[in-house]
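Handing you this structure, nothing more for now.
Each chain carries a letter (A, B, C and D) given by its place in the written order, and its residues are counted from 1.
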Amino acid sequence: MSVEVFDSPAAAVADIPDGVTILVGGFVSAGTPSNLILALKQTGQSGLTAVANNIGLGDLLDELCEDRQLTRVIATFAIRASGTRSSRFEELYRAGEAELELVPQGTLIERLRAGGAGLGGVLTKTGLGTMMAEGKQTLELDGERWLLERPLRGDVALLKAWRADRQGNLQYRLAGLNFNPVMATAADLVIAEVEEIVEAGVIPPDQVGTPGVYVDRLVRCAPIPVRWDG
Amino acid sequence: MSVEVFDSPAAAVADIPDGVTILVGGFVSAGTPSNLILALKQTGQSGLTAVANNIGLGDLLDELCEDRQLTRVIATFAIRASGTRSSRFEELYRAGEAELELVPQGTLIERLRAGGAGLGGVLTKTGLGTMMAEGKQTLELDGERWLLERPLRGDVALLKAWRADRQGNLQYRLAGLNFNPVMATAADLVIAEVEEIVEAGVIPPDQVGTPGVYVDRLVRCAPIPVRWDG
Amino acid sequence: MIMPDARPPNGLSRELIALRAARELEPGSVVNLGIGLPTLVAGFVEPADGILFQAENGILGYSGISESDFDSDLINAGGQPVDLVAGASFFDTADSFAMIRGGHIDAAVLGGLQVSAAGDLANWYVPARGGGSVGGAMDLAVGARKLIIAMAHVTRDGEPRIVEVCDYPLTAERCVDVIITDLAVIDVSASGLSLRETAPGVSPQEVARWTGAPLIIPPVVAEMSL
Amino acid sequence: MIMPDARPPNGLSRELIALRAARELEPGSVVNLGIGLPTLVAGFVEPADGILFQAENGILGYSGISESDFDSDLINAGGQPVDLVAGASFFDTADSFAMIRGGHIDAAVLGGLQVSAAGDLANWYVPARGGGSVGGAMDLAVGARKLIIAMAHVTRDGEPRIVEVCDYPLTAERCVDVIITDLAVIDVSASGLSLRETAPGVSPQEVARWTGAPLIIPPVVAEMSL
C-alpha cells in the first residue's frame, strides 16, 4: 500500500520493462503526464502498447514513435480526417510498424473502469451497427440489442495530478481529471507526476480524486504545458 | 434542466403517484433523506417499490410500512439474522404483504449506475454460485464465468445532500455520498433535500458531487439526525 | 440529377451555419458540441438562454472559447481553452459518458461526413485515410436526446453528403434528427428527409438537386432568418 | 465424533478473537471489517502499523469507533460513528465497490455462520429467518485478496460452524483463507483445513472434535500468543 517518492521522472519509469501495456492519463493538454512520457522516451523501452485518449500532432505520446517505442496504440483520436500533416504515429501506422485499435471514448473509459472494478464487461449501445462491433459478441435482452465490451487493464499507468499527499492520495485540478482517476484503478503499477507533495491530511478527504491505495509511485515535477493542434 | 425549489418536503413529494418505484439515497444514518421519507408518509402514497441500501429497525423508511405504503423493497439489509425484535417491514414481509428482493451492495450500485449511464448491464463475479444467481444469465468468457446483472432505474429518487446551488448542483459532506450520486442519475424525477441553498458559483466546480443536470427539485430543511440500531 | 461539373449555390459561411445551429437549441438545455464547426455554436447563444455546454472531457457549464488565457487543464474536447459559467462542475470521463449515454444531454451538435435518408451518421472515418478518430461521437450519437448535424451540404468535389445509404463507415444508425448545412435545414424522421428551411437566395429545388436522397419539399418552405 | 450433549471448552472472548484477527493483518495493508465482531478488530491494531480501514459506505482511512461525538454523516458500514486518520478519503458506493471487487482491498475480516472444507462461506441468510441481509459481504468475499472469517467455533446449540458442506445459503464459493474462532486459527487451502494455532488451554484434539470437517493437524501446532 505504501507509496514511494522518486527524485526524477526517469527514475520513476526506469524499471518498466519492454513490451508492457501502459495506460496514459490525460485528455489532450489536460491532466497529461508529460514529464513521465518524456522520461519513457529517454529510458527507451520498446514494444510498448499505449492506451490513451489521443495520439496525434503535438501530443507528447507521439514522440515515442520517433524511436519506434510504440508497437500498438489503443485510443479514441489517432488519424486525422485531414491529411495535410502527419503525426509520427500515423507514419508508423501507415508503414505497418504500429497497430491501432480505435475505441469510442465512452467505451474506452468503461472498459478501463471494468478492468479496475473487477467487472467482466459492460453492455453498451455505442458502436452497434458499426465497424466497432465487428468480431464482438452482441446480446439481445428484452428485445433490445447490446454490444458486450470487455475489460481493459494496463501493466503500468502514468498519471498526472495537481498534488499528492504522502499517503499517495491525488487531487486533480479543473478538467485534469478525465481518464486519470479510472486509469489509477486499472494498472498493476501506478505512477503519478504531481506539482506538489504535501503531508497526509492536507488534501481534504472530500477532495481526494484518487485514494492513495491505488498509487505506487510519485514524482514531483514542474508541469510541461502542452498545446494541442490535433 | 431548470431546478424547482419547494417550500416544504410535503410539497416536493405531493404529486408522486401511487405505485411508482422510488430510489432512496443514504446509508443507514449518512446522507439519508429523512425529511422526504417522512413527507412521503404524510402524503400517503401506496403500492410503492423502494430501492434503498437498508430497511430495518430505526430506519425511517421502515415507517412507511406502518400504513402499508411499501409493497416491494429492493435492498441489501432487510431481515436481521437475530430475531429478538422485528422491523415493521419484517412484519409485512412475513405476512406476505410486501416482497423483498435482496441484492448485494456492489451489485445494487452497479445496476443503478447502469440504469443511469445507458448501459444494458454488467458482468460480475459477485453472487456466482449463490441464491443471487438463480434465474439470471451467466456468461463464460475466456474460461471465466460471470453473472449478468441488469440495469435498475426509479421513477423518482429521494436524495440528501449537504447543500445545493440554484443550478441544482449538489455538494455532499463526509460519508454522505454513498448511494446518492448514482441514484441521482437513475430516476426520471430527482428530489433532493439539502441543509442550505446557495447562489450558483458558491459550490466550487471541483466539489460538485451531483451536477445540477440531474436534479429536478430542491427543498431546504433541517436534517433529522438518525441513529441506527439495525 | 447531380451534375458533377456544376457548382452548388453560395450558401452560409461556417459561422452562419453555427449561428443557425445555435437557434435550434432550447433555452435551459444541456448541449454537447463536437470538434470543428460545432465548436463555433457556443459563440452564438445568448447567456440569458441559460444553455449549459457539456464537454466530454469532464466539464458541465463552459461558456465559450477563451483564447486570452490558456490553462492547459481547462479545455474543451477539442483542446481549446474555455471559460466557465457560475455553477459549472468538473467530473471524470466515466461520469461524463454516463451523462452522455444515459440520456442526460438534451442535444448534441456534431460535424458530419455523410447522413443517410434513414438518419444514419458517418463522421469519424475517411476510407481513403483509414485509422480514424472517433472521440466521443459514437456515444453522443447514441445518447444525446436530439442530434443536430452541422456540415457542408456537399464535399469539396461537389458530391452530396446527404445520401440514400452512407458508404463511409457509420458512427451510429438512425440517430440524426436535424441536418443544418450551408444550404438548408432538413428534418429527419421515420418518413424520410423533409426540407424545413433554405439558406437566403437558395431555392428548395436547388437544395434537392444537391441532395443525394429523396427530399420531401412541403408546400411552404421558410427562408432561414439569421 | 460430535457429542451434542457435551459443551466445547472455554475459548477466547469476542474481544480476544478480534485481537487475534488484528494480528493477522499486514502492516500498511488496506482492510475492510464486517459488521459485528469484526468491527472490534479496529480497536486492536497499532497506529504504527499504518493499516487503513475501508468502510464500504465510502471511507478509506478510519481509525476506530468513536462513541463520543456522533455525526450521522460519518459512520462505518455498521452505522457506528468513526474517527478519521490523516490522509482519509470519501467516495461514493460505486467507487467503493470498484475498490472492493477490483482487488484493491488487501484483507477483509467478516463474520460467519458456516465455513466449508473447501472454503465456501455462508454468512448472510439464516434459513429459519428467511429474507436475509447481505450488505457488501458477497462483494468482499469475491474481491478481498485475503478473507479472514472471525466467528464462534460452534453455534449456541453446540453444532460445528466449520462443516464439510455448508447447508446455509452461500455468500461465495472457495473464498475463505483463514478462520479465527474462540478455539483455533485454521488455514484453508486447496488441500483442506489445516490447524495453525489453538486457543490457550485447548488441545488440537478438542478443536478437531468440535470441527465438522476433516482437520489436518500438523506435528507442531502453536498456542495463540495474545
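Everything that follows uses one rule, which is that a residue touches a chain if its C-beta (ideal position, glycine included) is under 8 Å from a C-beta of that chain, and two chains touch if they have at least 3 such contacts.
Since we're looking at a predicted model, the values are computed, not measured.
Novice: Counting hops between chains that touch, how far apart are chain A and chain B?
Specialist: 1
Novice: Provide the C-alpha centroid distance between chain B and chain D, rounded to the nearest whole angstrom.
Specialist: Centre-to-centre distance between chain B and chain D: 29 Å.
Novice: Report the inter-chain centroid distance for chain C and chain D in whole angstrom, where each centroid is the mean of the CA atoms.
Specialist: 57
Novice: Provide the C-alpha centroid distance between chain A and chain D, rounded to the nearest whole angstrom.
Specialist: Here chain A and chain D have centroids separated by 37 Å.
Novice: Give the residues of chain D touching no fewer than two other chains, as numbers and ranges.
Specialist: Touching at least two other chains: 90-91, 97, 100-101, 142-143.
Novice: Among the residues of chain A, which ones contact at least 2 other chains?
Specialist: Residues 110, 113, 118-119, 124-125, 172-174, 205-206.
Novice: Mind listing each pair of touching chains for me?
Specialist: So the chains that touch one another pair up as A-B, A-C, A-D, B-C, B-D.
Novice: Could you pull out which chain C residues touch chain B in their complex?
Specialist: 28-30, 50, 52, 54, 60-61, 84-91, 97-104, 106, 142-143
Novice: What residues of chain C sit close enough to touch chain A in their complex?
Specialist: Interface residues on chain C, with respect to chain A: 55-59, 70-75, 77-79, 90-94, 97, 100-101, 113, 125-126, 129-139, 142-143, 169-173.
Novice: With touch defined as at the start, can you tell me which chain B residues reach chain C in the complex?
Specialist: 1-2, 113, 116-119, 165-167, 169, 185-186, 199-201, 203, 205-206, 208, 211-214
Novice: Can you tell me which positions in chain A touch chain C when the two form their complex?
Specialist: Against chain C, the touching part of chain A is residues 27-32, 53, 56, 76-81, 83, 90, 93, 100, 102-107, 109-110, 113, 124-132, 162, 172-182, 209, 223, 225-230.
Novice: Under the touch definition given earlier, write down the residues of chain A that touch chain B in their complex.
Specialist: Interface residues on chain A, with respect to chain B: 110, 114, 118-125, 139, 141, 144, 146, 148, 150, 172-174, 205-207.
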